[in-house]
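First the structure, then my questions, so here it is.
Chain IDs A, B, C, D, E and F follow the sequence of writing; residue 1 opens each chain.
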Amino acid sequence: MFSHNKRLQYTVHVSEPNPGLANLMLEQFGGPQGELAAACRYFTQALAEEDPGRKDMLFDIATEELSHLEVIGNIVVMLNKGAKGHLAEGVEAEGEIYRSITGAGNDSHLTQLLYGGGAPLVNSAGVPWTAAYVDTIGEPTADLRSNIAAEARAKIVYERLINLTDDPGVKEALGFLMTREIAHQKSFEKALYSITPSFPPGKLPGDPRFTHTYFNLSQGPGDTRGSWNQGEQWDYVEDSDACLAVDGGSGESSADLSAPDAELTQQFAERTASDPAMDPVTGADLGSSPILDEIENKTSTKKKK
Amino acid sequence: MFSHNKRLQYTVHVSEPNPGLANLMLEQFGGPQGELAAACRYFTQALAEEDPGRKDMLFDIATEELSHLEVIGNIVVMLNKGAKGHLAEGVEAEGEIYRSITGAGNDSHLTQLLYGGGAPLVNSAGVPWTAAYVDTIGEPTADLRSNIAAEARAKIVYERLINLTDDPGVKEALGFLMTREIAHQKSFEKALYSITPSFPPGKLPGDPRFTHTYFNLSQGPGDTRGSWNQGEQWDYVEDSDACLAVDGGSGESSADLSAPDAELTQQFAERTASDPAMDPVTGADLGSSPILDEIENKTSTKKKK
Amino acid sequence: MFSHNKRLQYTVHVSEPNPGLANLMLEQFGGPQGELAAACRYFTQALAEEDPGRKDMLFDIATEELSHLEVIGNIVVMLNKGAKGHLAEGVEAEGEIYRSITGAGNDSHLTQLLYGGGAPLVNSAGVPWTAAYVDTIGEPTADLRSNIAAEARAKIVYERLINLTDDPGVKEALGFLMTREIAHQKSFEKALYSITPSFPPGKLPGDPRFTHTYFNLSQGPGDTRGSWNQGEQWDYVEDSDACLAVDGGSGESSADLSAPDAELTQQFAERTASDPAMDPVTGADLGSSPILDEIENKTSTKKKK
Amino acid sequence: MFSHNKRLQYTVHVSEPNPGLANLMLEQFGGPQGELAAACRYFTQALAEEDPGRKDMLFDIATEELSHLEVIGNIVVMLNKGAKGHLAEGVEAEGEIYRSITGAGNDSHLTQLLYGGGAPLVNSAGVPWTAAYVDTIGEPTADLRSNIAAEARAKIVYERLINLTDDPGVKEALGFLMTREIAHQKSFEKALYSITPSFPPGKLPGDPRFTHTYFNLSQGPGDTRGSWNQGEQWDYVEDSDACLAVDGGSGESSADLSAPDAELTQQFAERTASDPAMDPVTGADLGSSPILDEIENKTSTKKKK
Amino acid sequence: MFSHNKRLQYTVHVSEPNPGLANLMLEQFGGPQGELAAACRYFTQALAEEDPGRKDMLFDIATEELSHLEVIGNIVVMLNKGAKGHLAEGVEAEGEIYRSITGAGNDSHLTQLLYGGGAPLVNSAGVPWTAAYVDTIGEPTADLRSNIAAEARAKIVYERLINLTDDPGVKEALGFLMTREIAHQKSFEKALYSITPSFPPGKLPGDPRFTHTYFNLSQGPGDTRGSWNQGEQWDYVEDSDACLAVDGGSGESSADLSAPDAELTQQFAERTASDPAMDPVTGADLGSSPILDEIENKTSTKKKK
Amino acid sequence: MFSHNKRLQYTVHVSEPNPGLANLMLEQFGGPQGELAAACRYFTQALAEEDPGRKDMLFDIATEELSHLEVIGNIVVMLNKGAKGHLAEGVEAEGEIYRSITGAGNDSHLTQLLYGGGAPLVNSAGVPWTAAYVDTIGEPTADLRSNIAAEARAKIVYERLINLTDDPGVKEALGFLMTREIAHQKSFEKALYSITPSFPPGKLPGDPRFTHTYFNLSQGPGDTRGSWNQGEQWDYVEDSDACLAVDGGSGESSADLSAPDAELTQQFAERTASDPAMDPVTGADLGSSPILDEIENKTSTKKKK
């Protein structure tokens, strides 16, 4: 069960409202790398987790991410603080309000107009948050790697937001949030490497014919070798033609059909065949070709009432 | 520039059409962990990549993933091969077709009805593929970790699909595809650890007060310690109350408002205040409370024409 | 700041795993009327709320909804408990696993295959949760009405889920969750009617010419009168023609254009005009009409090499 | 069956094209609180409605909302009227067109570039309309409350749009549309309270142990009492710890598993356990730790060819 | 302005409720090729249309499509008619209801559980309708072609639905709806070919070097020639290598950067370079390699407290 | 199988970075009419195609569209080239970076902040690409028409992009891409008209009573006749009333219900009836009506503790 304290995990002070900046901060509120995504990711993993240590860790971190969602949400709300009343109370000249929410350096019209200057769960372009951002699949050696990557991404987006603002209170709170992503990544790394083995993920081994092969499918200027495709652990297939039908078969696909199925498939194919022996007049011809003008005119004349 | 050979990278043979199984295979065609997601992920990273080695590797692997999309797509099409003609040609009794596309073990109605037995870019529940699945952010120490995680997830979903079928040709082709995810993960790992340092990702360092702290925000039965929250590299904060306002401030949020902004905000607050001193009759009361019956009746009587 | 206790708000006991039922329960986990929607709705309102009483209430209820998300999530996980291991460990015959996740009364293939038997944030059809479900707009007389409606909807969906199962532990926990929606609706009703006035919502009054008018735009069999369109407070406009251009104007739309704008618009219109004086041969004609056969054949003959 | 008259329900006159303002108006055309959402909401309810009075009312209002969609659509089209020809005819210097569709106060590039200056079913951020906005569930005591809330929200968004413009023709037409939301809300209120009882919604009563309880789950500064949580009809649970396992049970979740299921679950858990007794070297360590430099170098030296 | 008559454009009679079939019918209600898509497509085109003939035609057909939406919606509602009461009234044994909404041949659980047996704007897989289905771009020679294609698709999906059912009333109403798509396609064809020229669409001519070229980019077994790539109007480029850099340039991309931009780009590239001269130990190595066991153990021993 | 050459199909040279313009170019990268949509459309059709000529053509064109995706992606990346380093390296004053990514004529904040100056699969408003854009249904006479329309749309969007820029290298590459859409449309037209017959699409004929009827459902000013609704091939139904129940029936919908189903439906209807004989006090009345003040006050006084 969750409980809540109206004090934040980190104090937020904003020097000056700035709805345009608030809009950018939404990236970490309702954006794909943001705190709702993080909280949902770890919370749902915690629910289904069989391992007591990971379950506890996932609940700890999910709860902290919810608390971070609250911190970044407060940053958004404080940056919108002044603007909110203008549109709701409508006391100014209309042109003034219009200019203030659509002016240069301010893409906040959606936030003001649709969401009333609150903190909506959208990214900085106004795209609603979707659980399609959460890539949990219920296998810890995969999910922990997903968590490590998610923390790395969130750290970078915070870094970019920090580079965008010179409000010291905003910078400091963002710095705290960014730092926690580093700490969380470290925890997830520890939990991953405490599973042995953790690679390859899952239970089935790979087919040994193809675990060490590197296919050089992009040819031409810029071909480069490095530890990712050279060294004793790699078989490097240089030529793309050698990548075709690597099983040694025909490289075709086939299915054994029952006789009635085969017949129906054939019937469909015949009914819808494009005859390569024909060079038909087409709609594009009708719409463009001067050589058809005569024919068309004659025909439409005939058809006119 | 891409080119194509109509031979596959791996030969596909299906023993018997099975639209229900085809539907499950869509998970790796148009699903979040599938091959379109993989191809798009690496292709878009390759476009923006500054490092020649990674750029080449990303194009190599993106091209292979497109070729895998083709392999899994052929599996889907072959498993649908028989069913496709039935609905299109409509030669059977209607009830028969209805039963065959909605029967037990077969959730393929969408595939047949809307997509005509083809290979649509949806997952096994019919949800259209979305670029929201692609989590690239343009920083290699994050993107390579995302790629590693994506390969791990794809490996697991292939493993599950292999566990579902006993068609030997399908099993073998899926085994190839699964194995390649292992190989790709290895390449991405090599490329990641060839960046020094690769942790923490990005350029800004963390705030040293919070990089080594673990907040025990989930209390109660099941609290567990492990390398993810204990050891010399961690400060473990046991008590949730100690997690409040860790900056030492008030834990509140505030913004410095101009006088007119403050006034408008106040005006909005007053206009919309919920008066705690009042215990109003509500809509729920109107809809339920027997003690209001008399009042209501009297009023509606008065208002009746 | 949030904190968490690994004990639930309500104990969950499941008599027998049932992945098909688990799938239906997702409706209140990641569905539009579910607990994540409720928690996000109230939490984001709380962040932007200016009124201290409502802010406190919204945080109280948001926190409880998060705790309910945990309860329904545990129901889902427990109902999937047995199935999860089968696919992951793959120890059975493949046909067996296939039948068990696609069999009659069980639409759980997505849950098992993609999400590994966890509790994903999707509805019972597998559609990912989206913040488009959250209709908060930052004006309390609207948002409280939205909350009242949301609680009413959630109550009904729980009622339907209760009607579907005879597992006593599931029924009891669902009963608790359903009941709390009733209590929350009551709180939101109190808060709404503590704002005076609360109708019409917002600040601008309606145009008195149209606040009491009812337009009978759907004619024909079944026209019915009731308090929603009759009585002294309504002007009933019987005839649809009388609903046209109720301002008394032309009912047309127009814009004053500058001369260059008007000219460009005209130029575009002329370039793309469909000439009503013409009866052209069309693509449909080409594809169907026997009377065109001769012409077509002649033309294609001429064009053949 | 619907029929249409090319005259509008309300005359639209625009003094001056303004694509930036057109873009904002889309909020009530293809936005979540807009007229398409309203029309779809009432039309689909009308189809399934069993009650003749409500069915008639829902068709009346759905038809009016379609007519409002046409009015707001005409406002959008008239505001774009001038701009449309510029991009289509391309007669100006390119820089000029670029500046005119991306300039300050004008976020209309999407409308011009992708939709050709028409009236697309997107909101002011360009997010396509989705039926996820429609929250109908087929129970009148819930759906009517949803309709009341929807009308309240639409009224507010119109109010904000009115506050944004000083074009008298636009203001007047918006005023009409806003007023009709007030009238519709009144009709839905009448229809709701004509159902007795209307609270609680649905058929199942709540569990009397929990219908009158208020859980104070958000503690700390700002705790407030009001009619929503105090008075004779409420049991106020002050302490969050008292909110745990309110059924009096363990607060844990459990499922009775068959022996084979239990064994497989255990097998999965063991295979994927994170060993708390281990403090492994991690990927983060590899990417950062100077104390590992020596080991790494030695290893990579050994592995170099 | 729209008006409505509660009589349908085509009478609907259903012999026997069938929620499973109702679910399939949703494809033409809220699916991508369905009637809402058609109505929205033509209605929004009509609003922005400059040509009076097309504007009138688009309103005529949009209005008819709305009336078709009503017909197919009534089919859905009638097919659900019996089932709706069962779940709402909950008078049966729970297992019974569960079996009836999840049984073989019936994927209607979403319709019943979430939408209460109504007619929701989703497709047969439960995916909510989205305006992303509407491909209008505001240029008539493109939009009319899109309309022609949309009518062709809708005709086919109706044909498939007709093939699925043997209820004579449903078959007859579907036959009417299917037929109207044919008639509409004919109208749109006439309107398209009444624009001269209609090909190529738009105003800018193509680059004559590339309007007649066909690039044979897919090589290998199955290469076929036909009127689409042979004949006097085509230049056929046989060899894929000849398709590279067809402008005769380097086939590379470049941008002229200012000196500071170039320097920053270089700085970013260097900071994030993957060193090809290094063969690092990776996370995959840590998780798998037996040759690292000794090193790891030693290290973790050192780091243990 | 695909292979790749790091040389482009068309050389790209950008004179000057311009992130605002890059953002607009995304329309043809990850937008609905863009190259990913085209490639996916033709590739998935090719997979399921039975006709060898069309299969080959679809692979040829799909492969070319992938190569075009690469060209437009390189345009995007080159236009972002300078900006990318600024945010990543963060060497400037923060206000400077903020202004540069949110300034007039530049809506690129999403591209920079979330995607790091890369080429994300979103449109110019930041909406992620979705497979809902792909309208393939697996019937060639419909799919080829969809392809023709898609090429026409893509041609127009390129034309608009060309009108927006004066960078000669960008203009030239866009001109190539636009031209290829014309050539592809021609190929698809040839393939369509090589199917005989191609109209009406599919196998079932229309109902001859309704294939030649035109319903004049939009009345009033602007009614226009043209080849789309007049001439010997059309029956024009002038009066909307004559469009009702064209089958000659009642225009009502009905279902034959079993007795228990009918009874349950009736029970539901009665439980939820809105009584037209009642004029209830409503929530709107409570929130607004001064005549209720006395009653409310009395009641709330009674209820106060």
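Here is the rule we go by: contacts are C-beta pairs under 8 Å (C-beta built on N, C-alpha and C of every residue); 3 or more make two chains touch, one makes a residue touch a chain.
Everything quoted here is computed from the prediction, not taken from an experiment.
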Chains shared as neighbours by chain D and chain E?
A, B, C, F
Overlap of the chain A and chain D neighbour lists contains B, C, E, F
Could you check if the interface between copies chain B and chain E is built from the same residues on both sides, meaning over half shared, or from different ones?
different
More C-beta pairs touching across which pair, A-C or D-F?
A-C
So which of D-E, A-F or A-D is the twin of B-F, meaning more than half of its contact pairs are the same residue numbers?
D-E
Counting in whole Å, what is the centre-to-centre distance of chain B and chain D, each centre being its mean C-alpha position?
20
Chain C and chain D: spacing of chain centres that average the CA atoms, whole Å:
8
Considering chain A alone, which of its residues make contact with at least two other chains?
1-9, 32-33, 53, 56, 59-60, 62-63, 67, 74, 77, 84, 88-90, 104, 107, 114, 116, 122, 125-128, 130, 132, 137, 139, 141, 148, 156-157, 159, 162, 185-186, 190-196, 199-200, 203-204, 217-218, 221-228, 231, 243-244, 251-252, 265, 268, 271, 274-276, 278-286, 303-304
Thinking of each chain as a vertex joined to the chains it touches, would you call that graph a line, ring, star, complete, or other?
complete
Give the list of chain B residues in touch with chain E in this complex.
1-7, 50-51, 53-54, 87-88, 90, 93-95, 97-99, 101-104, 107, 109-110, 112-114, 116, 122, 125-128, 139-141, 148, 185-186, 189-196, 203, 230-232
Help me check something: in the complex, which residues belonging to chain E touch chain F?
5, 7-17, 32-33, 52-53, 55-57, 59-60, 62-64, 67, 74-75, 77-79, 81-86, 88-89, 91, 130, 132-133, 135, 137, 139, 141-142, 145-146, 148-150, 152-153, 155-157, 159, 162, 172, 175-176, 178-180, 182-183, 185-188, 190-191, 194, 199-204, 206-207, 209-218, 222-229, 233, 243-247, 249-258, 261, 264-265, 267-268, 271
Residues of chain A defined as touching chain E within the complex
141, 192-193, 195-200, 221, 224-228, 231, 252, 274-276, 278-280, 283-288
Quick check on the complex: what are the chain C residues that touch chain A?
1-9, 30, 36, 40, 43-45, 47-48, 55-56, 59-60, 62-63, 66-67, 69-70, 73-74, 76-77, 80, 84, 88-90, 114-122, 128-132, 134, 136-139, 203-204, 278-283, 286, 292, 295-296, 299-300, 303-304
Given the complex with chain F, which residues does chain A contribute to the contact?
20-21, 24, 27, 31-33, 104-107, 123-127, 156-157, 159-166, 217-223, 240, 243-244, 251, 265, 268-269, 271-276, 278-285, 303-305
